[in-house]
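Shown below is the structure under consideration.
For reference, chains read A, B, C and D in written order, and residue numbers begin at 1 within each chain.
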Amino acid sequence: MANKKTKGTGPITARITVYPRPEILDPQGKAIASALTRLGFDGVEDVRAGKSFEIQLRAAATQDVEEVVRRMCKDLLVNSVVEDYSVELLDGEAKP
Amino acid sequence: MRCGVVVFPGSNCDHDVYHILKHVLGQEVTFLWHGEDSLRGSELVVLPGGFSYGDYLRAGAMAALSPIMAAVRRHAEAGGLVLGICNGFQMLLESGLLPGAMRRNRNLLFECRDVFLRVERDDLPFTRGYRKGQVLRMPIAHAEGNYIHHADQLESLEEAGRVVFRYVSPEGEVAAEDAAPNELGELWNVNGSINAIAGICNEEGNIMGMMPHPERCAEEILGNVDGLALFSSAVGALEVTA
Amino acid sequence: MSSEPKVDLEMAKAHGLSDEEYSRICELLGRDPSFTELGITSSLWSEHCSYKSSKIYLEEFPTQGEHVLHGPGENAGVVDIGNGWVAVFKMESHNHPSFIEPYQGAATGVGGILRDVFTMGARPIACMDSLRFGEVSAPRMKHLIAGVVRGIGDYGNCVGIPTVGGETGFHRGYNGNILVNAFALGLARRERIFTSRASGLGNPLLYVGSRTGRDGIHGATMASESFGEDSEAKRPTVQVGDPFTEKTLIEACLNIMRTDAVVAIQDMGAAGLTSTSFEMAGKGDMGIRLDLDKVPLREPGLSAYEIMLSESQERMLILAKQGRQDEVAAVFHRWGLEVAEIGEVTGDGIARIYHHGEEKAAMPIGPLSSNAPIYRRPVAVPKDLAQRQQAPEVPDADDLAGSLKRLLDTPEMGSKSWIWHQYDHSVRTNTMVGPGGDAAVLLLKGTPAGLGLVSDVNPVYCGLDPYTGGAQAVAEAVRNLACVGAEPVGLTDCLNFGNPERPEISWQFRECVRGMSEACRSLEVPVISGNVSFYNETGDQSIPPTPTVAMVGLIPDVANVARSHFVAEGDRVVLLGNTHADFGGSAYLRLLYDIEQGRPPSVELSREVQLAELLRYLTFEGWLHTAHDLSEGGLGIALAESCFTAASKGPTLGVGVEVDMPPTWLFSESQGRAIIAVPPEHLDSVLSEAETMNVPAVEIGGVGGQELVVRCDGSVLRAPVDELHRIWATALPRALDL
Amino acid sequence: MANKKTKGTGPITARITVYPRPEILDPQGKAIASALTRLGFDGVEDVRAGKSFEIQLRAAATQDVEEVVRRMCKDLLVNSVVEDYSVELLDGEAKP
């Protein structure tokens, strides 16, 4: 599924996953963990609540797509003070 | 022009700040459009509250990239006064003009209520009208006001005395970020900010950001004027430098 | 029209048209309607758009008054509030969508009502919400409550309009159908009011705002088989609100309305582009031509039918002056919004709709609306009414303090602050009194005057006696406004009922409207806008009749407004009005003994008039510190509330009173009553004024201490204010397991 | 990387990705797309903004972990009226 295609002119979907850095307390994750436990799900040890973005791009042939996407993360999508991220490139359109 | 209030798509408190500066304090004020690249000579620049760009992604993140923010940065570096309130504070963090970041409030809810603040610095252009240790009552209205910073940087922020306001009990006791609610279900540190931080400034003290809304408590008829001194101090500081 | 499914009676029925309605449209067109035309007809003639079951009753409402500029019929009503300003307001229901998806349903309800207001050229300055939930223990109910509240908050907060009041009720009658009624009020200069009336041959129609998707397409479900393949993808989808786009729309629309480039403007609400374009043209006796290929779409492949019926949010139709398109577009582009010219106004009175080079519809606009069906549905008194109205056995309150505490401990009577703390109620810095008082008070900056806003209805009363219940809702709203010194200028309503095709429901509706109308006449409050929501039923279980009333009043000088809580030690407490044994439908019987029986307290309209006049006069003179009306839970609850609702602004205060009545009457709900607290030096003036104005007034005690103490006929209710406060403040979150 | 382990007693990390259903308006995605374009990133055709949850579980040997996680989604994490989701199971701890 995850096909690393770093250059190309076709449609590319980049999936970016953003998580709060491990040393940062994540109030949403904490709330979800306790809600799950309250609902009777046993064995939940930790929950991190992050974000996922799917970006459909039509990149120019000369571009290093992964590089472009990382720049999007740095410039806008991720706040590096509190967040980490990862990038996956998928060919064509992707649905979860 | 003495005061400029920046308008972003989604600013909501722009008119409220304008009203205080113009009609309560009788200052010359102008609105500055986010797409402009000049502050048109404004000496005090206010980034107002609201939901710029709908607060989508992260509060303040998209506004922090607006053309006008470059001008705000230049103004600040030259020692000009910059005040960020609520969404404006979030923009200052997102743009790196002030350190740290915001998370969702600890109960994950939007909270609009009065909180109590202790004044930690009374020597800033924005706070000369207060006394250190004074307890103020001020409304908050936000969903992402849970301030955080990395432990070491937090320590240096504290050491440099750059925390301007802290959430406290009505008696002035600092409210821990994880304190349990009292018997009425109230939290004095509603959003769960680390070290009860409600407002900070830069090293030089000319940039200040805060989550509570001083412009909502600056008129007698609204039953609370605790926020007025903040604006009159800032305006007074301009007079001195002028 | 070949690419569309062929229309027949069966399909028309699947669209909700009756045999008779179908032949009527065939006759009117002189042929069978096309598929798109069927869609258009079925939505224009739907209950929601045509008011076909309610119209004959709504005509009873008094809609004129000295302040009224526009009554029902426009997007929102308009009343003059002096100094060249007008207030524009309306309330609307979003019940069904909120039950399916509470967050988006409630959020889009707020978005829709705001559009109704700024469409008129008014800047929205305040919202209220009237909510009815089922029992908190009912399936999905906590999820619904949390979602609705978050949805209302997130939308209003983001657009920067304060939600300054509202009401919240819980009753098992709403377990299967919750109610979400949203109110919005805006201000405009008197001469700058816009209407949706089209004029000017050849003037261009501009589409602005969000793109059109398959959101909430009416009838598409029923007709989906005829689409053949991929019908799954074409089923109606939940409408999602985008408050940020709404905020920019507000700014851009108000901006362009300050120019003279715009003739008319209308939001796309229920039935989307269909009702918008037909109404606009219809009001001006004009025709329209629409080119649907020009409509901005969110996804490709929408049919003409879908485009005409989509209910995608945050869209407006603007009729611009010819040649001024670019000027309009520039303003919208500045705010990051899309603009598309999709048609024009024509002179032949016909709506011609083109898509992919075909004429999909050609319908005479005037006849379509003048031939819309109107029904006088059969009415019948519910069979069990007499039995339900039988006078209930009223258990004595032996433990007065215990009864009071148990009442305060219910979500019904407890504080609603968990809800309204999620609403920004102070943005725009006009909120002098926000949620938590009897009525909200808004400043009108630059003038000494202010506006009072309130929303009221007691569905239990309405269920037991819809006529009295309807009158009571109006009377209570007037009373709440009077407590802040406001004189009513108009009301808007949201009439929430079950299925009007059932005779008992139509009877409830008729009686409620009759009661409201009579009260409106006596109290001189015109109805300036409103909304009807029928079919609030699950199985054959209908909701209690719920005619929500939202009322706006004018306060000449806000400096003297009294609070609903006690503010000063030593103030004398006076009870206004007469107390009887009124327990039918009372909170006391319902919440403590699960008895919902008897006749609701009668409403003596002339007494309500006198009481309201007195309260306004006393406020005007500046003699009142506190005024709080008596409603659910009676004197006991009102006294308790006045002791502690000050807490967020200062210390709580106790009170000690002695009244001459049987102890249980502390919880009687006799109408036409209020308590006031008066500085001692004004007591004599207040009492003599009350006598002059023929309002019964008895000094019953004084403010002070840290206890609530009530002596009556030898019994004593004594409780620490702090304890009562704790119970009341935490009742709702505890019931929600928070 | 994605190792389907459906039963087990060891620590398991489940990663859940939640997206607004494709036919549903995604205002956040829309806002991000135009922000990226404003920033000068060309060729951005569509952005969907979703959520990602990482749940650390210590499951009982008898449990079908994927089944449990899907139940968590249904009961709490996903609003199926407007959202679709997918589940991935990763052995041990995972960081983006």
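The rule we apply is simple: a contact is a pair of C-beta atoms (placed from the backbone, for glycine too) under 8 Å apart; a residue touches a chain by one contact, two chains touch by 3 or more.
As the structure is a prediction and not an experimental result, all values here were calculated from the model.
Between the chain pairs B-D and A-B, more C-beta pairs are in contact across A-B. Chain A and chain D, compared by their mean Cα positions, are separated by 9 Å. In whole angstrom, the spacing between the mean C-alpha positions of chain B and chain C is 35. A separation of 31 Å divides the Cα centre of chain A from that of chain B.
Among the residues of chain D, those in touch with two or more other chains are 27, 31-32, 35, 39, 49. Chain B has residues 53-54, 56-57, 62, 65 in contact with two or more other chains.
Each of the following residues of chain C touches two or more other chains: 242, 244-245, 336. Taken as a graph of touching chains, this assembly has some other topology, since it is neither a line, a ring, a star nor fully connected. Across the complex, chain B is touched by residues 20, 23-28, 31, 75-77, 79, 81-82 of chain A.
Chain B makes touch with chain A in their complex at residues 57-58, 61-62, 65, 93-94, 99-101, 103-108, 146, 148-151, 192. By the touch rule above, chain D contacts chain A in their complex via residues 11, 17-19, 22, 29, 32-33, 35-36, 39, 41-60, 68, 71-72, 75-77, 84-86, 95-96. The touching residues of chain B, counted against chain C in their complex, run 9-13, 15-16, 19, 23, 49-51, 53-56, 109-114, 139, 141, 143, 183-185, 213, 215-216, 219, 221-223.
Those residues of chain C whose C-beta lies close enough to touch chain B in the complex are 150, 153-154, 157-160, 242-245, 247-248, 251, 335-336, 420-429, 431-432, 443, 445, 558-559, 647-649, 725-726, 729-730, 733.
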